[in-house]
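Take a look at the structures listed below.
Each of the next two complexes has subunit A plus one other chain: subunit B in the first, subunit C in the second.
Take a look at the complex of A and B:
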């Protein structure tokens, strides 16, 4: 019987492969869609990266590694790499700790005002990350409120450099850690902790022997993701790095300041190695290990700590909240101040400027984001549908390529785009198209991740029931699948829009005289020490984002914030 | 309405995941389901019954064999063109549609005019006892109500064949009993050919015109409930259905329609049922066919090893020689209450014995 089964199964396997191919060819629209998507992914994701590599190893038409040798041979030249890695590790640790604090307080310590803390813990996601650098300078810079006014210039907190960056990036990126850890804590089956108590463990022992070990995959994910986010961060270091050079900024300066394309490209490649490694580790190793509860439903918050600990956790959360509110509050205050550091009379002139002089930045940004976001959303959904529901050659590759833009720092992508598209037949530099394309392909993973998660939630029986009652695949997709993934679609749209509005590290390479973005304008203002104007712009930007998110939320119901996070911003 | 279903040599082989080999889920199943009857595929998990059902529905393509509905060969017809409505285990209700739209879905696809849809949906709601719920969402219904919506949705399209994939397994015990009676009533009233999959014996016995017992991808026996229960043809069927005592023995001689069977406790005469002298058999003795009397009475002498009180009956474990027999005593309040250690006499009628082939290691 076994031998028979063997022969039959070999026939079965090849029959199945032919059947799959036959099925795809029978649906020309499907085959065409796959073809177009593969071509686009190659052209707008892979090709720019290839050009970056090329630029770093080709000189005068010859293959050479001397650029790398120059960059890595002297200790002085190796500093940006060392600094970036150090900063990344510190931010990963600090951010994960803060994120775990908030997540644990909400999921296990039953602190009051949970909704409030949730909002605080996720607010930094919607603001451009470098707003926090701006706040740091306003408070603790040379003309800072605390350093100048309160300490009369006697105390120098060294805000420019490692210390400032750790502070600012921790606050900017801990929401990602928070969302990961909250998800992990909610997924732990309550029965596990309860049975530990039942067997006589103290609450501390339960934490140490059950909760913490089960949180480890989440902790590891969080550390890796925050490491990548810190390495990829550009907006904060360009303001705050001072004498602490980091790779992302150095790459930018080599290209724009020194017009050293090969040096810039090489630095970008060097930046790529740790980020890609961390991303792959997270996706293919840590991300696979999860201890999910059998029922798959998130369990509600419980009280697993004694009252002392609960008060302590509450206190820490409040302290953290205080710091965050202080920073953002400073920006709000700063936007109304005539001249920071000198004249603190309140005025509206900066806001007036935002709309008069800055009006075209607003207009450009909104137009470009509004064009890119729907395309991103639809493309993301199509890719998700293909990946989850269809079988074809190269499916895994398509999935990975579309995720690549998460792993690759914006700096690398930005450099890639100006190298790839600055000559015919694809002369796109200086146009709106290049910015829109950058937006689309940087954010497509957001849409497809949301789509994949939503599609996997749909019980197969629901689609089978529709087929059973007479619906063909097209009708099933339109009347059953599509309505059920709509919330995920809008959630993807919302997050894509936020990422468009707060982007800086890639787009800074492709803006031009004709098309400029608010984030770039803000950076320019900060560099000119026009801090109050920068603050006003920042707040208008945040306000726009909040309004659009509010509109989407009202339109759809709940925007699932649990699907946001995990990805490097900027 | 409806038509007969015929399966001819149906086979299904699944490729295992990377390196774990292939699985033969269905290994040559042939079956005839009479028009208007309800046939149950009964067996333990993994026996292939759901795979057979899904091949009838079209969700799996057979590796070998054919499926016929009436005279039409439907083996390769796509699942949305077969008119074989299915009631799924998790109901598969469309969560974003109201009850009315769920039930009317199949009719909308067939482009039935709106007024007619209205009439048919409302009469179907009455038929399944869900009047007044048409505007609710599935999430606002109880399990039993959701089940009825699934049933209504399947019936309204007037399918040729109705398929059930363990539809009652998510309901609590009492509801299950109630629902299976309703399903049976409806099916008989509408005389739709139905194929029902379950692992629950009581369900199978209550609902079916014929039961198909399956094991490891093959059909073990097809028959009515009494046939399956009283005259199982293999050890698997005898053991799977109901409880039984199995005594190993050998046929010594056959005399007309009686056989002399030698077992450890001595010799008994059982209905011959086609067995011949020298064959190895299992003697099947059902617990309810055994009576207990005072020590010294009956065929064999034994001792009570354990007693389990279930309210309407008591199960006794009685040790006879080296065997442990399970004995069921009904009407316990009228009989003597026995306790562990009591000696008893074991009484049974030879006519209630049944022989099943015994495989002997070579």
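Take a look at the complex of A and C:
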């Protein structure tokens, strides 16, 4: 019986696929859209990765593993792998703990100043990653603020290396953990906790036996995501790693410093393994184990914790907030100091140099980001639309491929791009196009994920009505779907703009004399220890991002309220 | 909304196209610091009307890029970096000869025999110590290579990676030519215990020593002054009494570069009295005898120089760096 049912459903699936195919062929616009998207995903996501892999195993046209043998047989070449893994694990644990703390305090403990903590816990997302390393040097370096003031230089915090990296990466990436955990905690129906309290459990028992187990999938996925983010991080370790080499930086040095393309590619492949494993685990294993308990029934008032715990949580959040504000505050202060370490009179010269020296980098960055952002947003929505609403062969693959760029560390993608697009007919090195393409395909998952989430909540019937009235897929998409998912579209836009403006790990490989980026310039300044200038550049960059986000927010507000009466939250 | 979008689109288009219109554009990799490149390029643009679009890279990185881009050169000129890196470039086939018309004699060791590269300044390797650090540690500034091995300097010395930085490779080549290869590597292994960390850029250690993040920087004399005392950092420059290596900073034309004629104009300009005088701001020693030397700059007769063979250094680069990586483990 079961078998017959299985056969039946299999038959039905294939029938549906055939039907889907037939329908698609009837609509040339749709077929063309799918064709173009599949082709470009292949060309700009898969092909560069294939080139990286090929570079690491092919020599003089023959397959060989000797590059890997060479790398793994030497202790000093193996060290970056161990270091990266160790750093990834520590950052995943610390970042998830901090993220959970903030999420729990906001969603469950009813601490005061929730909006403020929410802003603090998401702010690091919009700042370029290496700003925190810069802050760490200014604050805890041998001539750092705290080192000098508090310890009179008697104690060296040793921030160049593992310690410093754990500190800055935890702060840089805990916002992701916070957002994941906030979502999870808000999806747990307080009624469950309420009822176990009523049955006589203590509040601690409730946390231990109800809340915590229900947040396990969220915790696991946060751990995995942070592990990936830490492994992929390039901006912080290149500044702060000292004698603690990590994979992303080593791969970069192999290629830019030693002209060792096969070694660099092999390191990139080695870096790809743990990140891809963690990503797939997150997507296919943890991602499915969600314990959503919100039922739609009205829940009782927010369950809270006892005053002591609340005070404790508040204290911890405040302490963490203090550290974050202190770090960014040091950057602000540093940007006005004449010569850090020698002359602390205040000056505006570094801001003048932002426009004098940094003007062209800013111009290039803004131009490239404003070309890439709308394309990314629209492409993301089209992919979301196709994945959620249409049946076609290779749909799963399209979904996975568009997500792939998210999991692959920027260093690997950057290396892939210089390998793949350095020769005719795909000669793109040195052009604006290569940077724009990199931006688009690095960030498209952000938009498409938001689009998928929004579409799944919108009844298909509205679009079907349009189709029944004679509109084709293209017209339905533009006139019905797109307006309905406008908020998702704008949040995709906002996020991909931020990522364009702050990206470094992949683009550092493809910048040129014609097109250079502000982040690369800032990194150069930090490397040269021109700390105050780097601080001023970074703050100007953050200010620009904030202004554009504000504009997009206004745009969302207007469009959303006028078209759907939908009020965007937070 | 639609208006905003179309206005934005026009702005973007204009901004995109405008730099391409009008002036001729020379594309360049500069191995000089960003801040220093910024001192010279606008002057060249003013003098010639040629616009320069440049990227700052350490000279090892320039070499790597030129080799990677050999089939599709992105720039026409490589500006700055020790001659031995330019010699490696010649060996790798990334450069093309050009003999600038000079009304003065350029020493034989200051240009390639075939003019594949041309020198435009001189600088010696030295040590820059933070005087606050020296005072606190109660030691005099190091005046010999052996001094650097003192235990009191543990974790206090900064230098760049020899493979990314021309400065640091000059140090390696100097030690090899002075001590012999095996002894040099033995020496560096001992030195490694005192190194705080390695940088990508050869002049970065100077600022770090100035800041006090490290006690001592090993770098070129002009960088020690320009990025040290001249900026206001408490840095004292000393030179090893056993002798030290030096660089002739070079320029070379890139083979197959898109603008060879503009690149030649740049070489001519860089050797002119006017351009050579500009280098006073960075305390480099000009090669044009009519140019003036900045006060406080370190001239060749003020330090003990070894008989440095830049050609050999350039030709041995790949091999020495491979050995350095496997023995030092960085």
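Please note the rule applied: the second predicted complex is superposed on the first by the 505 of 570 C-alpha atoms of A that agree within 3 Å, B and C clash if a C-alpha of one lies under 4 Å from a C-alpha of the other, contacts with A are read in each partner's own complex, and residues count from 1 in each chain.
Heads up, the rule we're going with is that a residue touches a chain if its C-beta (ideal position, glycine included) is under 8 Å from a C-beta of that chain, and two chains touch if they have at least 3 such contacts.
It should be emphasised that the depicted structure is a prediction, and the values quoted were computed from it without experimental measurement.
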Query raised in the report: Which holds for A:216: it touches subunit B only (first), subunit C only (second), both, or neither?
Result: neither
Query raised in the report: Is A:76 in contact with subunit B, with subunit C, with both, or with neither (first, second, both, neither)?
Result: second
Report task. Please name the chain, subunit B or subunit C, that touches the greater number of residues in subunit A. Result -> C
Report task. Please indicate which partner A:469 is in contact with in the superposed arrangement: first for subunit B, second for subunit C, both, or neither. Result -> first
Query raised in the report: Thinking of the overlay built on chain A, is A:348 touched by subunit B (first), by subunit C (second), by both, or by neither?
Result: neither
Query raised in the report: Which of the two partners, first being subunit B and second being subunit C, lies in contact with A:483: first, second, both, or neither?
Result: first
Requested in this report: Would you check which partner chain A:527 touches, where first means subunit B only, second means subunit C only, and both and neither mean what they say?
Outcome: second
Query raised in the report: Is A:143 touching the first partner subunit B, the second partner subunit C, both, or neither of them?
Result: second
Query - subunit B to subunit A touching residues, read off their complex - result: 11, 13, 15, 22, 24, 27, 57, 59, 63-64, 79-81, 84-86, 88-96, 105-106, 109-110, 153-154, 157
Report task. Write out the stretch or stretches of subunit C touching subunit A in their complex. Result -> 1, 8, 12, 15-16, 27-29, 33-35, 38, 53-58, 60-61, 63-65, 67-69, 71-72, 74-75, 161, 163-164, 195-201, 203-204, 207-208, 210-214, 231-234, 321, 325-326, 329-330
**Report entry** Residues of subunit A that touch subunit B when the two form their complex
**Finding:** 1, 5-6, 8-9, 12-13, 16, 459, 461-462, 464-472, 475, 480, 483-484
Report summary line: The answer for subunit A against subunit C in the complex is residues 74-76, 79, 137, 141-143, 160, 238, 242-243, 245, 253, 255-259, 261, 338-343, 356-357, 363, 367, 370-371, 418, 422-423, 427, 429-430, 432, 511-514, 516, 521, 524-525, 527-531, 555, 558-559
